[in-house]
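In the two complexes below, chain A is the common chain; its partner is chain B in one and chain C in the other.
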Partner chain A sequence: MSDPAPLTTDHPGQAASATPPAPGRSRRLSDRGLAVAFISPALLLLLAMSVFPLLWALYLSFTDYSATRGGPAHFIWFENYTAILTSAQVHLRALTTLIYVFGAVTLQTVLGFAIAYLISRRTHGRGLLTTLFLVPMMLSPVVVGLFWRFMLDAQFGVINSMLGSLGLGQVEWLTRQRTALISLIVVDTWQWTPFIMLIALAGLTAVPKYLYEAASIDRASEWFRFRTITLPLVWPLLLIAVLFRAIEAFRLFDLVYILTSGGPGVSTETLSFHVYKVAFLGFNTGTASAYGILMVLIVIVLTQLYLRYLNKLKED
Partner chain B sequence: MRYPKRIGRLSVPGRKVQLATAAMLVATTVAACGGQDDGAKASAPKAPATIPELTKDPLTLSFIWFDWPPAHALEAFANAEYKKERPNATIKVNTVPNANWHDAIFTQFAAHKTDFDIPILDSQHIGEAVTNGNILDITDFVKTNIDVKAYNPYLLAAYGQFPQAETGKRDENASLYGLPLLGDTWTMIYRKDLIGDKPPQTWDQMISVAEKCQTDHPGVSGLAFHQANGSDAAAVTYNTVNGVYGGNLWDSKTRKIDGVLNDTAGQEAMDVLVNKMKPLTAKGSGNWFIDEVNAAVAQGKACIAFNWIAASGGLLDPKQSTLGTTREQILDKLGFATLPSQKTNLVPLGGMGMHVSAYSSKTNQAEALNFMKWFERADIQKKWAAAGGVPSRKDALESPEFLNAGPFNQVYTDSVPRMRDMWNVPEYARLVDIENTNVNAALNGAKKPKDALDDIAKEQQGVLDSGSRKGGGGL
Partner chain C sequence: MAVSVDEAVSTGPVRDHTPSARRFGGRGRFVLEVALLTVLAVVMLFPVLWMIETSIKENRDVYAIPAKFFDFKVTMDHFKDVFVASGGGRSTLSVSFLNSVVVAGVSTALATVLGVPAAWAYSRFAVKAKKDQLFFILSTRFMPPVVVVIPIFLMYRQVGLIDTQLGLILIYTAFNVPFTIWMMKGFVDEVPAEYEDAAMLDGYTRLQAFWRFTLPLLLPGIAATAVFALIFSWNEFVFATFLTSSDNVRTAPPAIAGLIGGTTVDWGLVAAASVVFALPVLVFAYLVRKHLVAGVTLGAVRR
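For the complex of A and B:
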């Protein structure tokens, strides 16, 4: 009769260590060593590609270093930060970015939730509809920018052609101050509404059906059910989607570059686009690093405040 | 027996990992700091006076340029002709979008490693490349190998000399960093069938002819020109009108822009551009550049247009035009002329020179110098002209090979003595961006013309004066 195998163990991994090591495995390589060996490639990659560049940019942000001029980097401490925070040019770009983020994310949230709500009420073809709505999100922003640029062209674009056939006049979508920013918001909304829709749809399908059944027994109206059941349960999930989108929109570069190049003038230049110009037109690497670090700090601080609000909402 | 885990102290392997990580970060930082010393030199390294021995092994000589017809023409021409003398050499002209041209070259210069041997720089980029030590000083090489007297001195200076040539005269004592590859300037393209065979002679006349043409032919705009805020599009347009109306971009001796650019002549030029020329353009043309202007001409949507000569070849292609089914039919409708004059007869200098990357291998640098010597030969310049290129040698400019190759080539030859360039200073990229964005804003109603011009002068002056400023450079 053989010995009975242990039923439980304090450390699941120890059960394996009772068995003889596989042939060829070094006796000195413990489980922990093995774990370190496995995670070290990813860790090294993370350090080399993310942590080091961030620390290096932080160091450069306190200097007057220029990547093309070369020469030693002189410490100027917080002078880059002071110049950025007091620059009227930066304030202008910050305002443009704020209007853009607010406009785009609000529109995407309303539309995304509305589409998700309508899809969730369908019983047939829901999967197909969801897949179709997700297509814009899967495209490269550069491709999206290029074909919208053609569509919005005042002379040859299909949008103005359609407006013309309806008897409406030509609109200068990309070359007027107001319409250029609106065009950017519309194109971003076209591409990223599906993201909000997807997350809202996940929230909507997770709402327990018995709540609606109870409400219909009480003869609650559609609006009452939406206001007291659907929205409160989906709201926290929707807020997380809004957070992701707001961070993405804050970093907007590609659509601006392709659609308007920041124009007319600098009226659609976002903060990211301005950082690009500072970094690559004059190769002011120190200033651009400080600019980038400040943008990261703003995102971190706002995200922390937002997450606290989310936690508070959860506790309530 | 289980021992309680000690709190606040890592196990030995954990500490080792942390120590190794810290050591790696320190080592990488030190290595990166050490790398900066490479860039301490602030002047261009010298190329040898004579061409070193060339390799007999297969070799690829790489250029970098922006994507337009002359880039493809150069690759085809060089591979067909240069290979006859150097069968082991292959020419590769790498192209990038026009808007990325400067960045694509200078980000590689910043890395002190280039995948190209011959960067084709805009004439105004030379200052930035020279002061950063990115391209070779070829003064001695030119003295030994190139017949400089064969060139129009201003073209030789514009595409190779630094500091910049003033008033169109070459400084014999200045160093040379490049040789001409492609000359260029604006041509006026006009519809002979709409405004007559004779092109307008003055700028004011041109505006009134365009106005009449627009009124007489609904659906066709009076003018088409560059207005975009990318590259140097809107800036070249304003600088052209500024020159024609007697304005100056700056006082190069005192490095003064504010008060010079926005003087009375400058204000008049901005007024003409925004209030007289812009109303004659197509609606929504505020982001037009080379391709859009060509498209408007080819589709018969403009009475008079301005474009770079080197980019005008496609206008004669019946496949791209609605003006005729043959080249002759198109030429019955399209005319090409030098720009009208007004208070002066200045025209913008376009085109580019060839340079040698300081970070290319010695073998490829030697091949690059050999290519430049070959390319500047009289017979090769004439062949290049016949292949669609725009040469800079005087004999090639007057040759039938060049003058018969395109209807706009005579325009170039006639325009050479009238050329004016922009500022050839290391701060060029920022100066042109300031001008581009503000002129574009004025053209599209985002700024009043006077405010835009004053902002250009003030901001550009700020860039030139910012040498002693410590923080916030580039804002």
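For the complex of A and C:
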């Protein structure tokens, strides 16, 4: 497929020659050559660093290989998969992940959209406000996790200190089962509300002004305008942001690792954190690979959904 | 439609009152909205301000109960500790910052060199199954890092890339190339292909037309894209923590996370290190604020 390309690029004189058919022909050929030459390095890197590792993981997922024990890997076919899919531990982590993803993404969407709506109604200081609100999103999860860990500390944390001065009791944010998961959701919401806000704001500012003017001539109520103009026009873009956040939240590892390390007990262990434990603390590489492949399948389904939807939005 | 007519009719009789009532309601609402926005802004920014405050507090005040908001002694000791080791010389943290600069910088440069031409080719030429290829490229970026790191770890162990900067650079490049291609394709699409056609009529080859005419027009877009890639690599934690371990290779995120490993945690130092770490990101993000929507959605959404 690529063999004609080098031939033509080796003839620099051809493009400059005056005979009309030759440049046309060479151009088409060199175009194809150029496309291959420009695209293949990037694709090769992705094949080597993303596809090959996943294929390797796929192979390992059918074996009992362990990274520390070494020795040859024995094929055990679907044993790893059945073990994972029937494990009560995994079911528990799946539930935790579901609660976390659903809770965090819902909170972010509501808050983010509310902030965007409020900002879009301001005429002054919009740029400054947006910039200020976006700060949390740009921080590394490491910084965010560490800092909230400090603020949520039961003894000298500033949150409990403020609660104390309000006359409220102290809360063991990160060391109680129930509150730990809530804390995780809150911290993730704090970091990613700006993301939803940013996209919702892009949608809100794109709503044509004349629609609102027409509605106010009709004396449509505020709620009516919101429901029939704002929401339908912003919703497609907002859904993109929500799907994107859901995928990101599903993959999330670093914040859990820093903030709670899955604890107390296993109350904040999400699926990605559990994979890490199986792979790097339990050293069951085969099982962890099967676990990972299952997660990748979920991500692929979600990504397909996201991209299909994105494509539809772009074509409209 | 019907509802709007109903509304118009129902507000008819009280028409005289509505303007003033509406104006008053408008003002009350205005105050309420501004107040709400202020409260939300304070809540969102408080952790950042608290981090900055903690980084300049003396240790005594850091652990004060109740927390001290204003009356504390200002000290720069924590920032000194970030860069200078207790016995003099460079601290391990400052080494890790330097490593971060190298790893993020080189991987961004590589991703740009690989991604920009690919983006141009995808934008200009009829490539077979273009849409599928582009979707495949973006979906590699969505893989859970903690899953990808397992085979990458084994692979690197085989070829001796564990605990090397090259290993980190390669994986960061692979994670930034999809983003660069998607982001840059948008910028290339905005440059009319006619420019290149006109240049080719003047006798330039396609490659020369790209190099001399399109590329200069793409420079602002390339800069914005590179800044985002830089931020992604700079902030990355999962690969950095699993693929590197020694102090002279480790980047800043695992190094900062390592500060809380011991029995006592020097939160002042953690705060100062976090501020030093986050500051360049915020400056860079401010520079590319126009492209934030495209940047944070990996180039998928642009308005």
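Observations on the model:
Convention: the second predicted complex is superposed on the first by the 270 of 316 C-alpha atoms of A that agree within 3 Å, B and C clash if a C-alpha of one lies under 4 Å from a C-alpha of the other, contacts with A are read in each partner's own complex, and residues count from 1 in each chain.
We adopt the following convention: a contact is a pair of C-beta atoms (placed from the backbone, for glycine too) under 8 Å apart; a residue touches a chain by one contact, two chains touch by 3 or more.
The shown structure was predicted, so the numbers you read here are calculated from the model rather than taken from an experiment.
More residues of chain A lie in contact with C than with the other chain of the pair chain B and chain C. Of the two partner chains placed by superposition, only chain B is touched by A:277; chain C is not.
Look at A:146: by the touch rule set out above, it reaches chain C but stays clear of chain B. In the superposition on chain A, A:299 contacts chain C only, with no contact to chain B. Of the two partner chains, chain B is the only one that A:69 touches; chain C does not reach it.
When the shared chain is aligned, chain C comes close enough to touch A:57, but chain B does not. Once the two complexes are overlaid on the shared chain, A:79 sits against chain B while remaining clear of chain C.
In the superposition on chain A, A:129 makes contact with chain C only, while chain B stays out of contact range.
In the superposition on chain A, contact is made by A:155 with both chain B and chain C. Applying the stated contact rule after C-alpha superposition, one finds that A:165 touches chain C and leaves chain B untouched.
Where the contact sets of chain A with chain B and with chain C meet, they give residues 30, 32, 43, 48, 51-52, 56, 67, 155-156, 279-280, 288.
Interface residues of chain C, counted against chain A in their complex, comprise 3-5, 7-8, 11, 33-34, 36-37, 40-41, 44-45, 47-48, 50-51, 54, 62-67, 114-115, 117-118, 120-122, 124-125, 127, 131, 133, 135, 137-140, 142-148, 150-155, 157, 170-171, 173-174, 177-178, 181, 200, 203-207, 231, 234-238, 242, 253-254, 256-257, 259-260, 267, 270-271, 274, 277-278, 281-282, 285-286, 289, 292-293, 296-297, 300-301, 303. Partner chain A is touched in their complex by these residues of chain B: 2, 11, 13, 17, 21, 24-25, 28-29, 32, 36-42, 99, 102-103, 106-107, 109-110, 128, 131-134, 228-230, 282-287, 295-296, 301, 427, 429-430, 433, 437-438, 440-441, 443-447, 452, 463, 470-475.
Residues of chain A that touch chain B in their complex: 10, 30, 32-33, 36, 40, 43-44, 47-48, 51-52, 55-56, 59, 64-74, 76, 78-84, 87, 89-90, 153-156, 160, 170, 172-177, 260-267, 277-284, 286-288. Touching chain C in their complex are the following residues of chain A: 12, 15-16, 27, 30-32, 34-35, 38-39, 41-43, 45-46, 48-54, 56-57, 60, 67, 111, 115, 118-119, 121-122, 129, 131-151, 155-156, 158, 161-162, 164-165, 190, 193-195, 198-199, 202-203, 206, 215, 218-221, 224, 237, 240-241, 244, 247, 250-251, 253-254, 257-258, 272-273, 275-276, 279-280, 285, 288-289, 291-293, 295-296, 299-300, 302-304, 307, 310-311.
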